[in-house]
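Note that subunit A is present in both complexes that follow, paired respectively with subunit B and with subunit C.
Take a look at the complex of A and B:
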């Protein structure tokens, strides 16, 4: 029985030992937990399986829309295909399978993988088609992934290319409106951090880890794609017909100042010297400059209405005043300069000077104006200032400085020579005749449906109306006869200017810039169109009335018909 | 309050924490919202209720019954051959169930349990009986230690074929009991080389045990392979900082950490409940041991003392080994956290044995206050 107490105490002693060992183990475990929590080993962090993933929230770039909401440039999310070579077991097999599935050359796929076998990201295809994306999504490749990217598409192609421009690989504007409107169109991408389980299914998203994307704003342009295509079609046909170096057309609504179409074509010809060139356009048509506002040209006789109206308003001459225009020989100015006319009509009225485009008549009246009056008249119509359309590279044109302005300049400018203007400046100035003598601020972006603000009152409403009426007669009796429309009553003016030599040594004798500017309908002008044909082949045709006039007429006819403006001539006929 | 009642209260607290954490670790993503009924009638909750019932039964268990003799030997002896039969039954097609490439389960028409669990607790009772019954012989190597070690060794050998961790645990507990019963230290030391040889042999015989050892020595050597499990456990423990991510907010339970509701539930507790949760769990086990010590001190019967020592040692060692494993202080073993890790028979049997500790304490208390000795076995 004395064994019992000894055993009893031994059991207690063993229990104490067990307690001690267990406490020691529990304390060691607790110490380990605390040390792991306070100071997690770097190697543990580096091998830890990530429990969350960041999903980029790609912001789409705003669309460029025409005045009726048609998409000129739009963005969508596309996918590129990439492979993680570190997870590829057999690149040849993978290349073969992917190639077969996606109809891509397997050899290319394998070469791409092997070229960068030690990386974790190799792009196999920059942009997959939707069926390819669906196939990849349905497959279970661990080493193959889809990465979203933005894709910009331009559904209307080259007809709006130089106007719309394009974006670069990072989806930021490189040229055209894409460049100048980059701030409005460009969005800000966001991120979403999601917690996921081992099978990569989303568990939850912490609101703190969500940065929403900000899509770019859509921009409505004043351009109408249909009118743009009308303008491009007719211009293209004319340029090709007369083998010209190029051509420009601007169509605008004089009431609002909205540019409805603006197109610029180049037609490179072999064996021609001093061709209009645009190296960037050869790389990509969307990179090219928009010559309607970057390249000045000599307007020739299309400039006469501006001087005609200004001189009339200043009271230097009255509409029906008969001027001593010559009957057979060229006119000699007071400074002894010889001024030639295409035809000699003898003494003619100031009205006839414009209708028949008499250089002599313009020179006579120009001599009655002081240099300052002439300069003020020119700048009053907006020449010498940019139109601030918001496109990069716009020129203010070329006007002889006051210091170098001579009597020679005075006569030249009155005939549209020795001055450089852009097509948009001409269109804007011409609006004064189509309106009440005021110049509207031109716009490409449809900020509101209201009319654009007025830049300035160039001439009085009466003079504007008179000039317009007489330009209506230009179409029936003058240089615009060939461009007369069967549907609408037009008012306009043709111009044929000699092409200046690039080295500044004067003009080509046989090369021209043919242009025509007109508005319609005469009583309620709704559209103004200017067409400039660069360097038409003289062997085919070269006068503005012949080459550019029909283009303007056709564009006006088609545009007004499209806009639903009833034909004024038929109306007259029907009324009778 | 008696120490035995304290043991029961701490065990119930562990069970309750177990229900909450097993449910949290078992969360999965579903499109169907969880209904209140589903939450209340979850499997762990029902099992916990059964376990508390088992604990109550254990507390009320007539301890005399353990030593009722059948054919000259007490019931606690006869459980050994029964346990052995059950252990061998896992290889019988139809009732043996293969889980995770090991034959550890028996399945009787939907009622599945691990016979090693039964063997674990049976061995404690049998060794306690042996130690108390033949206490005079314990100093003898041949008469006291050897027969017991041979039986324990054989049973553990059978278990080790499928579950080395439990075999080692049973063997160590049995040795501690035999030592407490009066075996000589020198006899134990002489057995050490055999034990170590058996352990090394068991490890070498299986490639996955070698992998586990490798993973323990350098888990970073193959972080995606053999080191994955333990590295996920360490990552789970380290995440959430000292305060934890909050109950239910852990991430590693969503497939990252395998065995998250069973052997590795402590990692999820550390992740969600932080240092406070981990400390609380450890304190509960420590408290359970301290109170068991108090029960042993108050008990005057050698068999019951050894029985309580065996139960407390099993729970204490199991908890220690599990926590050392999940914190990578010991190589991975398939040993669950008692009363916490999700388990069916494990919970029920452990709870019943905890109840027995209370029963012993009740008996001691009744004995000292009323001097009623009717419960005491005849040899005392």
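Take a look at the complex of A and C:
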């Protein structure tokens, strides 16, 4: 009976002892924590590492994508390799090891370390490849580190260079779309602050100190890389073939107003005066200006369809009216100005005036229009206003002011002289003929798959169709014969304008701007292409129909084939 | 009285030990999460690098060059 209380007393004693020991240990631990916090020994301070570590959360810049999702410009995180020379025991040995592992010249590595031996940060390589990054991560160098950085890549090379532009060292847009779309593309980097132990293991992440990164938005463009390549290839070949100073091409879809391709080439030539120059492009092709938007040129005869359509719509002349165009001698206007034609056909119908590109016929009808009517016709097609594509540096073109507008201007503008237009303005205006007479708002950013809003109704659908049909005849009977396609029925117009002198003292007698604008297929236009060749070598060729026409034809053929549009000419042949 | 005090100390000790264990588990979880976070970031970087490599290999220029080489080989 006495055993039980003795047993209980023994258990109680053991429990007291155990609890006492544990309690004392906890108190001792608590005391040690407090004492280390209040009075940290110097020897511990020297080995203690900072407890907080900030990891940057690098936000990537949004990508520029073409209309099919191909990456034109995109960002990724790359890594720099750096060395802390203060932690290096033997720089020669380290340089040798790193050089062997990463296939870098050891002498260069050692030189970089020794040059800044007293610093704590020496960059060995600005951008490592992935396999090099993996090797460094797997190694255990204390003095070697990786630093993340953003890298902007342009996988499709230089074919879209001046359009896309480039970014600077801070990854903000400097030129082109990179600059215009900087707000959408740019992201905001974040930070993650972590509490870590001496072994650098994360102990805690305070949500209050976590700032998430915000990646930039991707932007889909209306450009198609394949069509851009097609345009660049044909333009490059033509510019080199005729030893021209440069060339420009714009390809667009008239139904939606989408720009499918826009290319601009320069061909610096020796011993030529007044060459087209772009100093920034010489530094970097991506810094160059986009001449399709920034440089106006005299369109020459490619401008005639606009005046032709406007005069017809105003009832100043009918399509089959015979005009007193000269048979052999130049035409004299009522103000005594001499108007020359390339060929003289005698009295011709208004239709033939456009097909054969008769300056005299255009001058005769221009005299029937008032100055205000002519000016309204020009602005109605969008000339004199920017297209608001969203790219920096776009010009509105050059139009003589109402105050200075004379009868001389009236005749000149009807022939495409004394007016400055951009290739993009021409393409937009030409859309009126490819559509129902309305001008679409041109787009470079694919906001939706629907058709773009209409800027204005330039001419009636009937006049648009009539002009288009007659421009179809330009390709078979007129100045577009050399540019006729074997696959598709084209409608278009050529232009050969004398090059104005930069000092304003008139025009060069033997230097030209050759251009050609066309759309296809005639019955259901899917594409409009304009090609402007700057100052082709006259000894080789200089007429628009000869130099720029074949470029437009080849681009149309390849583009429509790529877009899956069945050849209209073969269809007609098969039906027969 | 002593017995009650001992029981209280015992319970407190157990509670403190459990809290310590939970805290350690929490630290381990955070550490694992950080490691995973870093791994995900590295994988994303690798994927991006691959994405760009594929894009470059499939560019019109590269494909054209490849086709031209192949055609020349067969001719």
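Just so we're on the same page, the second predicted complex is superposed on the first by the 528 of 576 C-alpha atoms of A that agree within 3 Å, B and C clash if a C-alpha of one lies under 4 Å from a C-alpha of the other, contacts with A are read in each partner's own complex, and residues count from 1 in each chain.
Simple rule for what comes next: contacts are C-beta pairs under 8 Å (C-beta built on N, C-alpha and C of every residue); 3 or more make two chains touch, one makes a residue touch a chain.
All figures in this text were calculated on a predicted structure; none of them were measured in a lab.
Applying the stated contact rule after C-alpha superposition, one finds that A:205 touches subunit C and leaves subunit B untouched. Of the two partner chains placed by the overlay, only subunit B lies in contact with A:10; subunit C stays clear of it.
In the superposed model, A:38 lies in contact with subunit B only, and not with subunit C.
Within the superposed three-chain model, A:111 lies out of touch with both subunit B and subunit C [touch as defined at top].
If you count the residues of subunit A touched by subunit B and by subunit C, you find the higher number for B.
By the document's definition of touching, neither partner reaches A:481: not subunit B, not subunit C. When the shared chain is aligned, subunit C comes close enough to touch A:159, but subunit B does not.
Using the contact criterion defined above for the overlaid structures, shared-chain residue A:19 touches subunit B and also reaches subunit C. Of the two partner chains placed around the shared chain by superposition, subunit C is the only one that A:74 touches, whereas subunit B remains out of contact.
When both complexes are overlaid on chain A, the residue A:225 reaches subunit C alone and has no touch with subunit B. Residue overlap on subunit A between the subunit B contacts of one complex and the subunit C contacts of the other covers 12, 15-16, 19, 22-23, 26, 201, 203.
On the side of subunit C, the complex with subunit A involves touching residues 2-3, 6, 9-10, 13, 16, 27, 30-31, 33-35, 37, 41, 44-46, 48-49, 51-52, 55-56, 59-61. Residues of subunit A touching subunit B in their complex: 3-4, 6-8, 10-16, 18-19, 21-23, 25-30, 32-34, 36-38, 40, 43-44, 47-49, 51, 195-199, 201, 203.
By the touch rule above, subunit B contacts subunit A in their complex via residues 29, 135-136, 176, 179-182, 220, 223, 227, 231-232, 234-235, 237-238, 240-242, 251-252, 254-256, 270, 274-275, 278-279, 282, 285-286, 289-290, 292-293, 296-297, 300, 302, 305-306, 309, 312-313, 316-317, 319-321, 323-324, 326-329. Interface residues of subunit A facing subunit C in the complex, by the touch rule stated above, are 12, 15-16, 19, 22-23, 26, 60, 70-71, 74, 76-78, 130, 153, 155-157, 159, 192, 194, 201-205, 225-226, 229.
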